[in-house]
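Just dropping this structure here.
Going by the order they are written in, the chains are A, B, C and D; count residues from 1 in each one.
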Amino acid sequence: MITTADIEAWLQRAAALLEANKGYLTELDAAIGDADHGVNIARGFAAVVQKLAAQPGQPLGPIFKSAGMTLMSTVGGASGMLYGNFFLKAANVVGDRQTLTPADLLTVLEAGRDGVVQRGRAEPGDKTMIDAWTPAVNALKDALAAGQPLSAALHATAAAAEAGMRATIPMQARKGRASYLGERSIGHQDPGATSTYLILRALADALADEDAKRA
Amino acid sequence: MITTADIEAWLQRAAALLEANKGYLTELDAAIGDADHGVNIARGFAAVVQKLAAQPGQPLGPIFKSAGMTLMSTVGGASGMLYGNFFLKAANVVGDRQTLTPADLLTVLEAGRDGVVQRGRAEPGDKTMIDAWTPAVNALKDALAAGQPLSAALHATAAAAEAGMRATIPMQARKGRASYLGERSIGHQDPGATSTYLILRALADALADEDAKRA
Amino acid sequence: MKKLINAVDAVVREQMEGMALAHPDLLRVSLEPKYIVRADAPVAGKVAVVSGGGSGHEPLHGGFVGYGMLDGACPGEIFTSPTPDQIFACGMEVNGGAGVLLIVKNYTGDVLSFETAAELLHGEGVVVRTVLVDDDVAVKDSLYTAGRRGVGGTVIVEKIAGAAAEAGYSLAQTAALAQRVSVNSRSMGMALTSCTTPSAGKPTFDLAENEIEIGIGIHGEPGQRRIPIVDADAITTLLAEEILNDGPYTRTVRSFDPMTGDWAEVSLTSEPFRVGDRVIAFVNSMGGTPVSELYTVYRRLAMICKERNIVIVRNLIGAYITSLEMQGCSITLTRVDEEMVRLWDAPVKTPALRWGI
Amino acid sequence: MKKLINAVDAVVREQMEGMALAHPDLLRVSLEPKYIVRADAPVAGKVAVVSGGGSGHEPLHGGFVGYGMLDGACPGEIFTSPTPDQIFACGMEVNGGAGVLLIVKNYTGDVLSFETAAELLHGEGVVVRTVLVDDDVAVKDSLYTAGRRGVGGTVIVEKIAGAAAEAGYSLAQTAALAQRVSVNSRSMGMALTSCTTPSAGKPTFDLAENEIEIGIGIHGEPGQRRIPIVDADAITTLLAEEILNDGPYTRTVRSFDPMTGDWAEVSLTSEPFRVGDRVIAFVNSMGGTPVSELYTVYRRLAMICKERNIVIVRNLIGAYITSLEMQGCSITLTRVDEEMVRLWDAPVKTPALRWGI
């Protein structure tokens, strides 16, 4: 069972990991964007964690909704809107529940990913965060179908996101600011796919930790 | 006898010498002024020569008047006005004459110098072109009084201007743009005193040359 | 980094505070969330015109708040789109009952924020429409990119839409006119130097002493191409020809239907400039280029338009949509009809644009 | 050197040609000799207001030619005073029978040129007066220097004198008022970076990344002192205090007597600012600093004035008197009475300053 504590641990861990990679993400964005992704996303997740700390004991729906709204109102830029939407859609599918099964978690990630696609209209191969989200969601689905335990399944998820992130390097951007560069976007890793990987890496690590504590 | 040809030779020689020292003068002006003296004065004297070439055979008054008006309308800045005034005053004392005695030349330089003082109100020691004009005029007066031939007297005149120019180095400027620097103007040679020396050096050389031709 | 700023994270707030102190007769400022509105907002019965975008482009948009132009402006962080809560709060405050027009520059972040804000406002019963500005001909296609960026044309759209709203146009009329102005605007920009964002503290890109960047946006992003430096006439010719030789441009944009609350896909086509077209010519400084140099550009632009029989009926020359302290310029031409010229000439009273009043 | 210019010796002419092409409704341009006059000059029965100075300070002065401000402007070469023949020809062209007021910034070259021009105009039967602007508190004394330089106060003097002339003031009245505005103006400027004159092609002075220059003029000349870089609040405080703590300043100026054609020596004293004074506050960009940063300066300036009980009744924020593309700013405070405020508010229609019309 995945608890609200697990989800809060995920968001805290993501905030810390994004803060640690702030400079790296901004550098990636400087190469093919406008050099603000790291600073903006780190500021946003820090605000998410702060908001959650102020309102402990909430069910999952309000947690995700708070995260989504906070990202939307503190990040700015394309990724703020897309990640914000991710969590708002996630909130929709969990409602007032306090726990999730692994299958529920898959539903959450799928709904969130679909929310990103709905707003951003990116397709796989457009060199965006979708190139990390989609392989990750597919990997989770496959792993759970194969009967893997949650912690192993989430590591597979993060690994798929990482591979998806690396796969953006040779792509030519067709969405977002990098698309203005045309062929000059080739050879650079997409900053949004990178932050998506970091967020999923945080998810795998956080739930492994919580599992370890429970074990 | 100093002829109109002598005076035209002087102005041509001055133009050439100022053109050759354009960069040097502008550098001096960059240190304590606004870095335009060389460019402006060279442009002005070139225009003087061009104007004179277009109207050959004029008496001295019109020659000096043309030089003064041309300097005033082409140089710009403090020195353009002051040198312009120098020649306008010189024009006043020569009228329609075609020749000058050495004593007349002294009167011309004195009247011109007085015109510069009248407009600019600089006193000796203020670190301006006056610090070259005044010792030069005095040297000419002394040399003529001592019965020296014109060519020697004019070399003494130029030498006195040169000494006056060097004497501006330790002075603190009290007039013109350099005065804004206060003590920071000390240690730099005044650009206007330098162009005055060059103009008087051209006078000495031009008349020596003409003398030589006649001899 | 040399700038007249204090703490890096206070830059936008302190500039807004300065505006509030300087122009209490023209505008009011909210700091939490950040937006700027007309001093007399909401104006009952008038369509409210709201724009916004990243900061660092001043006077755009805050400098255009006031009578005859914007009712509200929402500044994001430097070069970062504003967030939906800002736009929502601003829209709520300026709505005078006749609806709110959101003017959106075509950047993914801006578009997503404004779309969300439109939905939120609609949810509160506010009648909303959106208009997209995408005039940057440096971006060639819309199929394989996020579409042309909104640049200099934004200033022209905001002036004319603001005047229309002031003149009593309905929301639908104001939106239709604004979209028409946008579709008839084409811009192209270049940089002599990079800019430095306060948070980065160093120039966004490196440009050698003998290089210039052609086809830049307004966020210090790399341009279309880098070329050896040439003189002002050559630069002007290059920018003007990109604009004047640009072919038809078709793109699909999402337009908000204030009745249903749904998004409709609309196909828009910009027609190329043609002999005899009447235009507003806008020569803009990227921030660090003084107005004196813009006149050298305008001189050549006027000659080119004359040769091509494009008639400049109005012009605007100055720093109106900038990239911090970047040196460089952009040219915008907007094809206008009589209605647009009349509204361009209509009185405007804002910190940055003022005439007739 | 990176600039939007063509041949170095064509810079001023081409910028003037650009102005002529851009603003035929406002002004006319003469290229030989160089000057700019109001489109409707001469205005019969109105005092004509003429100013001028080196180029490179745009929009000063050409950008202020038009209804309610200057009748004529005489641009010199870059940073070089104009010549008497320009000023003479300009004065002859704008004289509408009520006389010509020459507004002169206090630089030796400018003063000498305008004095000569005054004499020439007088010789042609034109009634002339001169007014000297010398507001730069960075220059401390007038006994051992050429006196304070004319800087930001010039803009305020030109606006108010222009409005007075438009309102039908006589030449003597316009001159007296202009001199009063000048005497009540104090300015102080600073540079973050140097500027580059086209003819030199390299920066006039070198300023390290961590240095700024305080007490600069407007010709890229070295300032009063160089200090390590500090933030905008500290810079603003420093400039404001130099202005507000400046004591009485007395100087002797030459004033032209249009009756006799002679020069009279007049002693003028500027009184320090005092609690309760009402001022126009002018925050000016040196050319390369974008308007956004000026608002951070204005914010702090407004606070300082409030603390000191100096009442800012009007403000002007933007690039109005510049040093090519120099980054930096200047602050000008002008103590005003009701007459001056009324004339400040009066309609003005020029390329760079426009309101009320």
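Assume a contact is a pair of C-beta atoms (placed from the backbone, for glycine too) under 8 Å apart; a residue touches a chain by one contact, two chains touch by 3 or more.
What you see is a predicted model; the values in this text were computed from it and never measured.
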- For subunit A and subunit D, the touch-path distance in steps comes out at 2
- Out of curiosity, which chains are bumping into both subunit A and subunit B? none
- Message: For subunit B versus subunit D, what separation do you get between their C-alpha means, in angstrom?
- Response: 32
- Note on the structure: Averaging C-alpha coordinates per chain, one finds the centres of subunit B and subunit C separated by a number of Å equal to 57
- Query: Do you know which subunit C residues sit against two or more other chains?
  - Reply: none
- Message: Taking the touch definition from the header, please name the shape of the chain graph: line, ring, star, complete or other.
- Response: line
- Item | Contacting chain pairs - touch in the sense defined above | A-C, B-D, C-D
- Given the complex with subunit C, which residues does subunit A contribute to the contact? 26, 30, 33-36, 39-40, 69, 72-82, 85, 119-120, 172, 174-177, 179-182, 184
- Message: Applying the document's contact rule, which stretches of subunit C touch subunit A when the two form their complex?
- Response: 33, 54, 76-86, 107-109, 112-113, 115-116, 138-140, 144-146, 149, 197, 199-200, 204, 217, 219-222
- Message: Under the stated contact criterion, what part of subunit D meets subunit C in this complex?
- Response: 2-7, 11, 14-19, 21-22, 55-56, 58-59, 63, 192-193, 209, 212, 229, 231-233, 235, 287-299, 302, 315, 317, 319, 322, 324-325, 327, 329, 349, 351-352, 354-357
